[in-house]
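Same chain, two partners: subunit A is paired with subunit B first, then with subunit C.
And now, the complex of A and B:
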């Protein structure tokens, strides 16, 4: 009770009350913390699908036998490929690839059936449009795999030296949104925390009240902390909203401890707020701050592994991304949600986030006083 | 705007008073109303403005002037009533209107030329015509040397002149100017009004609001607005005549006691007493009887009467008297002092600066400034826009590091940024010191809390601010909705609630109406009496008379320092007051005409218009004959010409201009 009274009497309390009143009056801010995250989650989760399906396939089947038709139906069976055109002219097929009408072309030679029947290796020609390198690679992989499997039935005696028995863990259905959504939660939290905190400081600078605030006896840390606390609560609300979208709409499993998750999210919110404050103290106007935040946030997101896995980046960027706090949070987010990891596994990431939060908030507090000159 | 006719017919009060405007009527306003929700900002105003007229709108803060301008400019829809600009609804006539608001409506990151070109492009001014006008107006405003400079680097007065230039590029027939000279220094203000007079002479019609009543004297006609209605309308002379009073100028060394005695004296002749600069204006119903009474009162209280002169009332007298008659004079409430008026020894120095320098890159904003202010002293820092006053204040209170020099604040030398020290300092910056998105009460609670006013005292202090500002019952209004002058009052209140030992006030009265300004200074004096050291800047030189000491800054340097009387005594040459009246040759504005005539032969700074008269600075008393003959040669009738002592404003104009003219 005594502690409570001291809190009520303190300058920190007065500063916080002011921040909260300003936030409550700012309908736009509340809107920004609710709608864009939801929409980002939906768009990234639904539209950003790395699976390759319904690739357009062109076929030139000179053989035109049940055997060749069987190969074609093997390719189209799991909907990876879809036959778009059938011609009897391989030049026309090449032309279709060139025009982008089909992604892959398959040429089956006239002697295809005969060669297979006589246990000789048959050759088919595959043309792949590799303008989209990623798709092309995957199409090539599927194509070789399916054709090899198809071929194996003609050599029942040959046993491959190694057989794989893969068990798919954590995401048995291989639902790609399970991978994307926990990462995008990090992305949303990052954008929300840095933008909102930048606005909170730059607005004071724009309207000139900052000067007045700096002349009051309030210490920089009090001013900063009073700005952090209400934002922190708001951002945790944003995280809970994002988690609800993840579990109810995308059915992402929640295998870990929700409080642990919120703890990490809070830690990352502090990092984001630190980034925002630092931006705000360096920039003179709102416009500058927003443009600079794009410059910082986009690389942070791209190097975080939220959308594309870190492992597929060049070695240099993989190491470089260790300096990206968002990368650590994305790892944590996936670990807690999908794998049910606890602190025993995630402590290196947690320590990294701690370090980031402390460094960023300390620098911005120190910069805060001197920013007018 | 097609419903303007229908709204008109809905009004049953004046069904037949609508007169189709004559051909030279530029603006016609009929029974104009504007409501914001349930609040009525404008409650039925009527007026017409003829071509080439300068029409002034004066009134206290929150009288509805800005709302009226918004409607005239076609920016805001009227709730009821009719506005016709050149025979069209205001919104349709926007291309013929030039509109200038209180805030500088310029792109600060564009150069002067780019700003002009942008406006011209927007208003589709032909390139060749634009070049002509650009040359003409830049020359008229004496801005032609600066065409490459960024607008953001111009001083306040130059910015307003540039904004006027921008408004003129499309050659509007009607100029709407909402307090264009707020925050502009006395020299630039006069230049600005000289330009307006020149424009009006060319047939441009001007409607202007101003809190400076000496400017309002230069209008052809003036409307006194109060509480959303026009109380009185007429030429300045008519308004003064209607007041039916005479003015006695009373000079005495002890203004404060004299004012107290004259105000409280039960008398039928003394109607009103107002401090104005270094004199008292006593308004009396009968000059002889009043004079006798003043003399008698002075003798009775053993007061020294240095001079007593009978004169015509000024527009400011009209304004103050009329509003006091309305009962709208802000009251004075004793500040609830927790420390019981603990006075500090006044020989201690509160603010000290020695050889202060500040450079921004190549530009030296402050050069070698020395300041010493004791507790209980009011120190005025005066200077033109861009002279370095605000930079100096920011250095003194530790917001900006000095490039060189020593500062001591409240006994602290090294670190000016400790929480302990800041608790003893009050600071009111030039603009927007309140949170617009908080209510008035929330703002006051915030500032009292953050300055550590004990919780049980907060209520009392907040009530004091609200009572002083006359805002009882409106505490929960958003601060952003307050008119500018009221915001200044609340800002002042919020900067003194913690009873500071040292108070920095950067243009506290900018844009505040004359009555509220008097209240401000009463409070400032009250704080000084209780031991607060006060550093204040202002562009109202007549209120600067209330400073104990002051210094004039020009281009970052202190050029003159001393008490008001020392500064006035230090002025060289002789000052003449010239009053001219229109002669048989009809001259609508003889004072302006006389100023133009004299400026052709003298250095322009020597001639300044003060309300309805001219002040002319001459080097040698013998030049008086030359002045007289020049005016007579121009067929102007001189009704009086006499040597007068320098006022602070004359001193300011002289000092600033002489220093700037120097190479």
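And now, the complex of A and C:
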């Protein structure tokens, strides 16, 4: 009770209340913390979709027998391919692939049925549009697998000697948003924390109220702490909002501990606040701060693995990205949500974030303090 | 016309004097080019893989050797008995292959022997790639070892067009051109327009005899010229680094570029007219521009994958048409017959943005 009384009467509390009421009155800030994250999560989650399904297939079936039609239906059976055009001219088919109207073209030779009946191997031609290297690779894989499997029906020895049985862990249905959304939560938290904290400091600078704060008997650390704590609480609210979008709209599983997740999110919020304060102390005006944050956030986000996996980057960028706090948070976010990882697995990332938070907060508060005094 | 040119030369002079903006106009695009061009890759190389071979026969050993010889996988040391799932859980490996003790015995007895594959599904795209490549490898292994009495009856002859080596840079880099030229020219234009508003100098323009169209065209022309400079700079650099060249008729790209840059600058002016100050303008361009041209343009994943209500918006994204053009010019090479509609639609979008911005300004002029 006594402690509570002392807290209420402390300068820190009064300053915090001032910050909170300032934040709450700033409609733009609240808007910034609610609207963009939700929209970003929705668009990222829906639009970044690596699914390879309904690829447009063009067919030139010179054979036109039940057998050749069966091959076509084998290709379209699991919805990987979808017949978009049927031509009787190989060149027309080739032209359609050239123009990108179809992703794959299949040419079945006139003697297809005859060769199979007489127990000879039949060749079918497949053209794949490989402008999109990734999709082409997957289409190629499916194509040869399905055709091989189909061809096996005609063999005396039906049993394949070796078969692979793949089990996909954590995301057996390969739902693409489960990969993107946990990463985008990190992205949203990063943008939110750095933007809001920059704004909180630069606003005082712009309007000249920073000097007034200095005149009060409050010590520098009290001013800083009173700025950090309300932002921190606000950002945790943002994380909870983002998590609800993830679990309720995208049905992303939450396999780990929610308190552990919030702990990590809090740690990252400190990192983000550190970045924001640093920007605010370095930049003189709000415009400069925003342009510089653009300059910093772009590589931070792109090299975090939130959009394209870190493992696919060239070696140099993979090593470089270790210096990116967001990369560690994205790993944590996926680990806790999808894999159900605990601290025993995620401690290296946790330590890294801890180090980033301490270094950034120390540097920025020191700079801030020297500017204050 | 004279007033447009005067407005344009005033704007260019201001642009030249502002060192920070000048640097931003060229450094930011190059930085973006490097990061996107080098770091956005979808397929993982050197996938970490644990192999647990309980069979230890010649057949199983050659299976493992050949699997690693595909150069797609990186071996991870793992003790023979620990459950491999732990390795995937801790992120040490992306996949694991488990060969049962009966592997070679089953194969010799003419039964099917099953190789278990565990794949980390967090990265959806690569999980699919890993699954496919292990399956394809196994099929190839069966053929190589002559484990089947007769080869498959149907042989697919697959040819990959345009990009037989499946280099991802051929797909990504032309797209990066589109994203960069969608964002940075409009950023500069938005800054210029909102500066007039922030500093109040726009009132002088409202009061002067300059019409809304003249104002937009004058400012637009200035940043259009800057944007052409940016385009030449970024494309030249990008083509040199990733060794891209025109594979077909370059005229659709040339004409399309002019239309696209006009659309991009007009988008910036439109945001600038709407925004009350520069910070809002920058944020507007950054969020809207980035979200649209990065996510809804088909830059990373095919456009077809975007679900219905969202897919309607893609039709309004200029970068979408421009990326079609760059990919055609640098990779596909069909020329006018394949992409004739893109420059037209780009010009239409540019005109649409121009007329909206013009309407907003002339409304201000009347009331002020």
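Following the convention adopted for this analysis, the second predicted complex is superposed on the first by the 338 of 373 C-alpha atoms of A that agree within 3 Å, B and C clash if a C-alpha of one lies under 4 Å from a C-alpha of the other, contacts with A are read in each partner's own complex, and residues count from 1 in each chain.
Keep this in mind: contacts are C-beta pairs under 8 Å (C-beta built on N, C-alpha and C of every residue); 3 or more make two chains touch, one makes a residue touch a chain.
Everything quoted here is computed from the prediction, not taken from an experiment.
Within the superposed three-chain model, A:244 lies out of touch with both subunit B and subunit C [touch as defined at top].
Touch criterion met: A:303 reaches subunit C, while subunit B stays clear of it. Residue contacts after overlaying the shared chain place A:26 against subunit B, while subunit C stays out of touching range. With both structures placed on the common chain, the touch criterion links A:15 to subunit B but leaves subunit C unconnected. In the superposition on chain A, A:366 contacts neither subunit B nor subunit C. Counting residues of subunit A touched by each partner, subunit B versus subunit C, the larger count belongs to C.
Common to the subunit B and subunit C interfaces on subunit A is no residue.
Within the complex formed with subunit B, the residues of subunit A that make contact are 8-9, 11, 13-15, 17-18, 21-22, 25-26, 207-209, 211-219, 369, 372-373. Looking at the complex, you find that subunit B touches subunit A at residues 394, 397, 399-401, 417, 419-420, 422-423, 425, 427, 429-438, 442, 445-447, 449-452, 455.
Residues of subunit C that touch subunit A in their complex: 20, 24, 28, 31-32, 35-36, 38-47, 63, 85, 88-91, 94, 107, 110-129, 131-136, 138-139, 141-142, 147-164, 166-168, 170-171, 277-279, 282-283, 286-287, 291, 295-296, 300-302, 304-307, 310, 327, 331-332, 334, 337-338.
Note for the complex: subunit A touches subunit C at residues 36, 39-40, 43-44, 46-54, 71, 97-100, 116, 119, 121-138, 140-145, 147-148, 150-152, 154-157, 159-172, 174-176, 178-179, 286-288, 290-291, 294-295, 298-299, 302-303, 307-309, 311-314, 316-317, 331, 334-335, 338-339, 341, 345.
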